[in-house]
Amino acid sequence: MAKSKFEYVRNFETDDTCLRNCYIVVRLDGRNFHKFAEQHTFTKSAHSVMEELEDIVIAYGQSDEFSFVFKRTSTWFKRRASKLMTHVASQFSSSYVFYWKDYFGEQPLLYPPGFDGRVVLYPSNRNLRDYLSWRQADCHVNNLYNTVFWTLVQKGGLTTVQAEERLKGTLAADKNEILFTEFDINYNKEAALHRKGTTLIWEKVNETIVKRLKLPNEEEKEVPVTRSRRKVQSYHTDIIGDQFWEEHSDILEADNC
Amino acid sequence: MAKSKFEYVRNFETDDTCLRNCYIVVRLDGRNFHKFAEQHTFTKSAHSVMEELEDIVIAYGQSDEFSFVFKRTSTWFKRRASKLMTHVASQFSSSYVFYWKDYFGEQPLLYPPGFDGRVVLYPSNRNLRDYLSWRQADCHVNNLYNTVFWTLVQKGGLTTVQAEERLKGTLAADKNEILFTEFDINYNKEAALHRKGTTLIWEKVNETIVKRLKLPNEEEKEVPVTRSRRKVQSYHTDIIGDQFWEEHSDILEADNC
Amino acid sequence: MAKSKFEYVRNFETDDTCLRNCYIVVRLDGRNFHKFAEQHTFTKSAHSVMEELEDIVIAYGQSDEFSFVFKRTSTWFKRRASKLMTHVASQFSSSYVFYWKDYFGEQPLLYPPGFDGRVVLYPSNRNLRDYLSWRQADCHVNNLYNTVFWTLVQKGGLTTVQAEERLKGTLAADKNEILFTEFDINYNKEAALHRKGTTLIWEKVNETIVKRLKLPNEEEKEVPVTRSRRKVQSYHTDIIGDQFWEEHSDILEADNC
Amino acid sequence: MAKSKFEYVRNFETDDTCLRNCYIVVRLDGRNFHKFAEQHTFTKSAHSVMEELEDIVIAYGQSDEFSFVFKRTSTWFKRRASKLMTHVASQFSSSYVFYWKDYFGEQPLLYPPGFDGRVVLYPSNRNLRDYLSWRQADCHVNNLYNTVFWTLVQKGGLTTVQAEERLKGTLAADKNEILFTEFDINYNKEAALHRKGTTLIWEKVNETIVKRLKLPNEEEKEVPVTRSRRKVQSYHTDIIGDQFWEEHSDILEADNC
């Protein structure tokens, strides 16, 4: 049982270190999920991943997918792609089951859910923002379609086949028009969570806590102490335009490094 | 919000298809686990992974790790390494939390556990068997050490520092001797689960079920029906020698294909 | 000019080690070559590559391409794919120009030729033989077509457009028939170099040289000495069937290693 | 000989597309070259490579190595690393033999030379400039050492062992001082070719040619015509500082693309 006799098999492992100075995106996709179902558990799980992997500077989720962006200079897991993506997939999945009861209480999760993942590298801030814009535009396109589709079925009395037929070839403007003129729905007032997805970032938050202090020659007393710490915050807002990035200019590192 | 404007970012994805005609091993390693703790949940989670991914021909687990072997000719996920390893990591992790209560009941899982994974390819049966032998030899070496170490501490009254000192430089034979002469323990009679780890394979199992049948000109009656189906079976046995492989000759495909 | 300040750029290199226990094939393809033109210089250049890289166990060339097969256990250049393929491409290219004059004398080479290359791995003997069979079948298909095509043009008086039209949809048997009945040509008697391409292997060759020896109590005299050494030999023969491989059973290593 | 039966072997090829939006550097290194020997043939060969591959925006060579930088947005060979590096290695090598006689006339090249190559990606202008600085700093360090070493041997009468001993532990300043005080040599006045290596870039060059024109109602006459075209130009100058890059601001593309 000499271990050393077999150890040559180690040399069959390959190195999959991610190119330096690139953003590392890990995207997870749900397998056979009911879309739009469990956004709160999703977001909570993403929180859990970010809090454990501090080098994630931004995460974006919509429908049954979530993307996690590691900073350019991250050296977590020595930038090994396999370690990064499996760890994110694992942590997200176990968190999903772990936190399920916080949102669904006694309603049981029927089976252990599965996600798959991938790693993609982006060399510039422009590429990374375009990636995130691509995912948010995807969110918009799908959510607008689904909103009109189910409105036509549930309020308009169409069958799903008829609704599909009705929407064939329509543009975004047409869909907004159907919602507005036929159902008196202003799409832009629908829940931002569904229209914009969820963006998680780290932010400095001031917290005031009360401490009991005993100064010399004084009675012990309670003193409010304000301290600043980094917390994961979530937004349901546009990340395609410049405003978000100007307001959170510390997310991205400069290109010329 | 034209989605197409951003879609170029798709081209940054790389192809990580696994070389054909090689066994694909996905190994998961627990992160910050208490070793030797939760073998039943581990095994149950590995079962769950195998049952969902039928192309896994054998899985081997010990301590806080589990290796899953996809057959040479598998085309699951088009043999894309990232998909294979993240899916296994995800399914295993969510199963671990999902099945926890089956083994621990009210004793809560304190936090969502994390695993990381990797993919390794093996071109020949010899290489694959050597890989599995390497893992089982590792199981043996570690378990023997731990058995003696904790016996010295718990029964021998040594401090952990003293036990460590005592074992420095000892060979396997020395450790067996300590157990036998000082504590009357025959290591080979310790639990096979810990000495050999857990091997999962697919086996044909005959099941007899009772069906109600109504044949022409007869009364309806109950008839026992035997059918054969594939089930995941677990073993705690030696997989280094030839015997196991001779008895389960259908696990490995021929080399010359 | 502190060199060390810049040395971090080294870390951007990636590891491209070839999977162990697989045959490594480097194939070169000529860029903008006149097909079938310079077979002798081609073969000579391939000889030159093999003699420098002894781990190449077989090479096969046809038309403007040449494939070089490194043995499974080769550790040349630490199995780094980039080193292996660039070195072969470089050595072949410089040899092509270097040896040109040996075959073409005063007829000048008009410009420095270019080749591109790739690396492909094959895990089993069957896969490797199928690769070589694929290339030789390609040789056959193309050479048969070209032989009939140019015979129709040069002896049959057809234009190239007419010849192309005539051959559209014909099978191998049809083409053989055209050659035989219309032009009295037996394709199987055409030059094997063109029909089968060129296969290079290492073979033990006995050489007899004459040495002058002086034995005790004898006059110095000339003695024939036979010694055996490995030399690169070339064949124009079928490598799809089993015969070649049975006659040269030392080329391939066993699969189960 | 059905070709299709074997064609499955194609699927063993892997995709090695270079990450988009990164500079692609192909570096060639001479194998067993006498250092500092054949700079003119080297430079001519590099010229030949650049003129064929217009997407190379800058090339830098020193000693027996040459680096070629493809622009970020290049789609040559679909950015396939293997094709890019083998083609450069091949073209450089055949050019080296092809142009040898232009510089060495009747003095024969003794054997076909070999180079090996690699591909490295750089995501930002800063990374790329640091790579080129690294190579030029390497040139400086080696050339200064060699200059002092051979001066000590050839003019100072030391053996090579003594010269090596003398230089052990000396800094650049020490070496400059030895040259200046002992041999009256100002290192900065030595040939820039050796001190700085060779940088090749594309530049617009105005050329005046004479054309014979016949305008209506006029006699035919010769007219000078100036036209601008891109040519490969070589420099032996510092590329570590900013000046070179400010004077040639069109070499690098902006980072934020």
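So that you can tell them apart, the chains are marked A, B, C and D in the order they are listed, and the count of residues begins at 1 in each.
Keep in mind that, in the parts below, a contact is a pair of C-beta atoms (placed from the backbone, for glycine too) under 8 Å apart; a residue touches a chain by one contact, two chains touch by 3 or more.
Values in this document were obtained by computation on a predicted structure and should not be read as measured data.
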item: Interface sides of chain A and chain B: same vs different residues, half threshold; value: same
item: Taking each chain's C-alpha mean as its centre, the one farthest from chain C; value: A
item: Between chain A and chain B, centroid-to-centroid distance (C-alpha), Å; value: 31
item: Chain centre separation in whole Å, for chain D relative to chain B (CA means); value: 53
item: Touching two or more other chains - residue numbers and ranges from chain A; value: 12, 14, 19-21, 121-122, 127
item: Touch list for chain C against partner chain A, complex; value: 11-12, 14-15, 17, 19-21
item: Interfacial residue positions of chain D with respect to chain C in the complex; value: 1-3, 6-10, 12-14, 16, 28, 31, 48, 52, 77, 81-83, 85-87, 89-99, 109, 111-122, 127, 130-131, 133-134, 137-138, 140-141, 172, 240
item: Complex contact set, residues of chain A against chain D; value: 19-22, 121-127, 255-257
